[in-house]
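Shared between the two complexes below is subunit A, which has subunit B as its partner in the first and subunit C in the second.
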Partner chain A sequence: MPVFPLGNDRLGWTRRTPAERLVRWVGWLIGVAVFVWCWNRISGVTTWFFVWDAPRIAQDILARATPPRWSYMDHLWVPIWDTLNIATLGTLIALCLAVPVAFLAARNTTPSRVFVRPVALLVIVSTRSINSLIWALLLIAIIGPGVFAGIIAIAIRSIGFCAKLLYEAIEEIDQSQVEAITATGAGPLQVTTYGIVPQILPAFAGIAVFRWDINIRESTVLGLVGAGGIGLQLSSSLNTLAWPQVSLILIVILLAVVISEWVSAKIRGAIV
Partner chain B sequence: MRKSDALSDRLDRPWRKPPLIKSPWLRRALAIGVTAYLAAAIFSIEVNWLRVYEGLDRGAEFIMSFARLDFISRAGDIWSGMLESIVMTVAASVVGIAISIPIGLGAASNIAPLPIYLICRGVIAVSRALQEIIVAILLVAIFGFGPLAGFLTLSFATIGFLSKLLAENIESIDKAQTEAIRATGSKWMQWINYGVQPQVIPRLVGLGMYRIDINFRESAVLGLVGAGGIGATLNTAFDRYEFDTAAAILVVIIGIVMALEYLSGLVRARVQ
Partner chain C sequence: MGLSFPGQDARTRGEAVLKIEKLVKTYKTGDKALRAVDMEVPQGQVVSLIGPSGAGKSTLIRCINRLVEPTSGKVWLDDVEISGLSAGALRRERRRMGMIFQEYALIERLTVMENVLSGRLGYVGFWRSFLRRYPQSDVNEAFRLLDRVDLLEMADKRADELSGGQRQRVGICRALIQDPALLLVDEPTASLDPKTSRQIMRLITELCAERQLAAIVNIHDVALAQMFVQRVIGLRFGVIEFDGLPTALTPEVLTAIYGEEDWQATIRKDGESEELSA
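Right, the complex of A and B next:
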């Protein structure tokens, strides 16, 4: 915080020294240059005629999409049920797989910090960095399209997310409880069951519900690549330009997302 | 005498773990409900086990392809797709963060007047309820194919995510500091700059880095619906069963996400 003389015995104050200001200025310059370069690349491959035409197209689509075709709802109940199943079963499978991975990845429970922990961390980062749609694409190429591919895609994508949050919770446990259980002469399994599990159970339940909520969102679009659920209907309606059906499906998806978020917030509120 | 009754009940019996849910009625109802749902869900999934069995070979082939990654034969597509993904990520993160700061300020109940608060919260709710892929589909329909649609999608998604968390952070700031700045006779802008901003900057930087990470991961799938980025190349590679190329792309994505995570760790450690 530099102070400098202003003349006639007064002192001025600035937040940063001149050197700090220079560094910041250069940083901003580089940042702005990178952004402008990126923007130029985007705008270089954009057909600007379409962009100027966009308001008209948007109005056109809106006019075609309203009113939603409510009678199409009869075809949507089964896809909604499928979507719910993809999210729920996917989350359950993911949790079963994430628990061992989390125990292997946590510093205080891993059997080997040199060999096992890096492998577990690699599993976490690789399943987490790849979007469930890409997992679905891959699984459709391998096991064929359908709800099953969607469930497995959601499950794989969720392993990393759940395991990461869970292993952080395991690393934060109170070690004195574990020591107390060990002092009673308990074996490793009993120590885990009575010393560690009760401490991470609230976190675990929170993670499960939180991920379920995200999975409902993600499973609504899995159908776009053929992995079952309401996205299939969305994709076929889009392909046939049936905009009234599209708007109805979007309303249903929006409702599903809002309801699942509300349910998950309620459950998490009850747990904590 | 009741006390000793309870005591004699427990004597000579091993300790049993108390049940998680106290009311036995609720416990049984939940167990029956969950079992019924799972049975119905699993029963309603049609799995073509023959197809899955046939696919196992292809799955093994995919896993083996990680041992012989093929960056060469589609090097041009991979390079241009990756560059487009990165360009979209950078541009969308900059614009999204720039827009979400005023909206975040407006959505903080301790700063904004009620009408502005409601408008900003409305924007956040809309942005959070619509998922990236669906927004991308609509924007591609309106603006045409290309990275502009992806850029707009990611910017829009960034606003919902960042403004909400920023607003929550602003709502929990220390009042004493802002009052001290106000007591010096500061104008509104000065009050924000010196009273509020220093308190939220560390969190904002951390969240911004996290959002860049998410934007990159999302940009990898936007190509599936024609909104630019590496997704289109990846989709083609899966469709043509070119698992070597697909695996190479996935490895690049995982590598960049890991690098971003490492970088954000460094930045956050410096800022805090």
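Right, the complex of A and C next:
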């Protein structure tokens, strides 16, 4: 009780009671102790030679990587185009699958909260929790290496993300508009297209562009495992220690990401 | 339409469009919103439903078109018993009950025209409504209604660009284009300023008179209700405490409905009377 009598009818106030202060002090003490212990342990098993050597090695690689090998660009146009396509098609497929999942998962639109909603939520959690690189590894084993595996990996990884954001938007709609459309005698599909869809359209467009932007970044690394795109060139350049090519690829990826971020920011700005 | 018919007649004049029998609604929380409500509304009569917040006014209106499922009791629209209908039959009957909402409940991101035409959803198939290919007769009627409420030039504006009074007029058009036999009106003026409130109430009562429509109007403003309606029903704790002419609302009656308070200032004096359907 932070309010306490001071005598003479006056009241004192502190933010916390003495007991709360003690608990917090002990909590901080334990936290600091754990940190110091961890620090000791980590430094005990670190080979400090490598750490001290790191700046020199980094400088060395940087020196080898500059200037970038600009002529290698001829080999990059196709992979970067592939990367872009993987991201775009993957996002489109993900959106097509995410929309029904979102409607099944939202509390106010699901046909059954007991049977259907948990299944939809499971789809969302399972697709979201596995990284697209791992999806790609799995899919390469199933459908073979190439762009298609990359597209599907991106699509699966994005379903959960899009469906989760979309079902949250569905749950936040103004229910009175749905009531109004229901009251006209409209059927369930009409109630959805008139009462719900217009309300979630801005959120949907925002989610789509946002995910597309993320997927461009994700698809640049898919090639590392053989799922198409610029990552393949990156991994082969790294393996052959062709540092000038690596630096060029990193510049290209950086540019692609910056451009996609700019486009998505513009589109999202236009929607809101 | 006048003030002159006696109190008893207010309840039974003409053929009943709506008949409610022992309507009970108990929410899952145990809230008894309605306890055996009986009432009848004849064709062309505008009834206002008054009562404190939580008295069951909104629940009563929503039990009629089953936006809220009644616990027990019966509701007839003409000779169709609403509470026993299947989903499809209920949708067909809902077309005959237009509803007007407190916060307008327009589809904010659609145009005024689309909002008005959405009142025809019960008559138009899914694909036609999805592609916005409404029959020309519906479009004609929509223009006629928008003209009637002075919103013709707003037809292409998005609903969220309109002021409160304009939005409520769009809401009225959406309800009327259903070609209803009954209007269910839930707090039509609660979000509007006093002048706009009067205009909206006047518009609703005028349109009901023109079309011989019955209406139930939930309203908080007792003086406004007295100004425009032919009959007042007072609800308290889900029970009808008063049913009669607006002029019969005395301080004692208001105390019975709302509880103890000084009611003199609330009740409209006869001297300042405004014509019912001017």
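Keep this in mind: the second predicted complex is superposed on the first by the 236 of 272 C-alpha atoms of A that agree within 3 Å, B and C clash if a C-alpha of one lies under 4 Å from a C-alpha of the other, contacts with A are read in each partner's own complex, and residues count from 1 in each chain.
Note that in this section a residue touches a chain if its C-beta (ideal position, glycine included) is under 8 Å from a C-beta of that chain, and two chains touch if they have at least 3 such contacts.
Remember, predicted model here, so these are calculated numbers, not experimental data.
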item	value
Clash or fit, subunit B versus subunit C on superposed subunit A	clash
Which of subunit B and subunit C A:L6 touches, first, second, both or neither	neither
Per-residue touch tally on subunit A - higher for subunit B or for subunit C	B
Touched partner set for A:C38, first subunit B, second subunit C, both or neither	first
Touched partner set for A:I251, first subunit B, second subunit C, both or neither	neither
Part of subunit C, among the options 21-29, 129-137, 165-173 or 255-263, whose backbone runs into subunit B after overlay	129-137
Subunit A to subunit B touching residues, read off their complex	31, 34-35, 38-39, 41-43, 45-47, 50-51, 54, 57-58, 61, 81-82, 84-85, 88-89, 125-126, 128-131, 133-134, 137-138, 140-144, 146-148, 151, 217-218, 220-221, 224-225, 238, 250, 253-254, 257-258
Subunit C to subunit A touching residues, read off their complex	65, 67, 91-95, 97-99, 101, 103, 105-110, 118-123, 126, 129-130, 171, 174, 178, 184
Residues of subunit A that touch subunit C when the two form their complex	174, 176-177, 179-187, 189-190, 193-195, 198-199, 201-202
Residue ranges of subunit B touching subunit A (in the complex, touch as defined)	37-38, 41-42, 44-48, 51-52, 55-56, 58-59, 62, 83-84, 87-88, 90-91, 94, 129-131, 133-134, 137-138, 141-144, 146-148, 151, 217-218, 220-221, 224-225, 228, 231, 234-235, 238-239, 241, 246, 250, 253-254, 257-258, 261
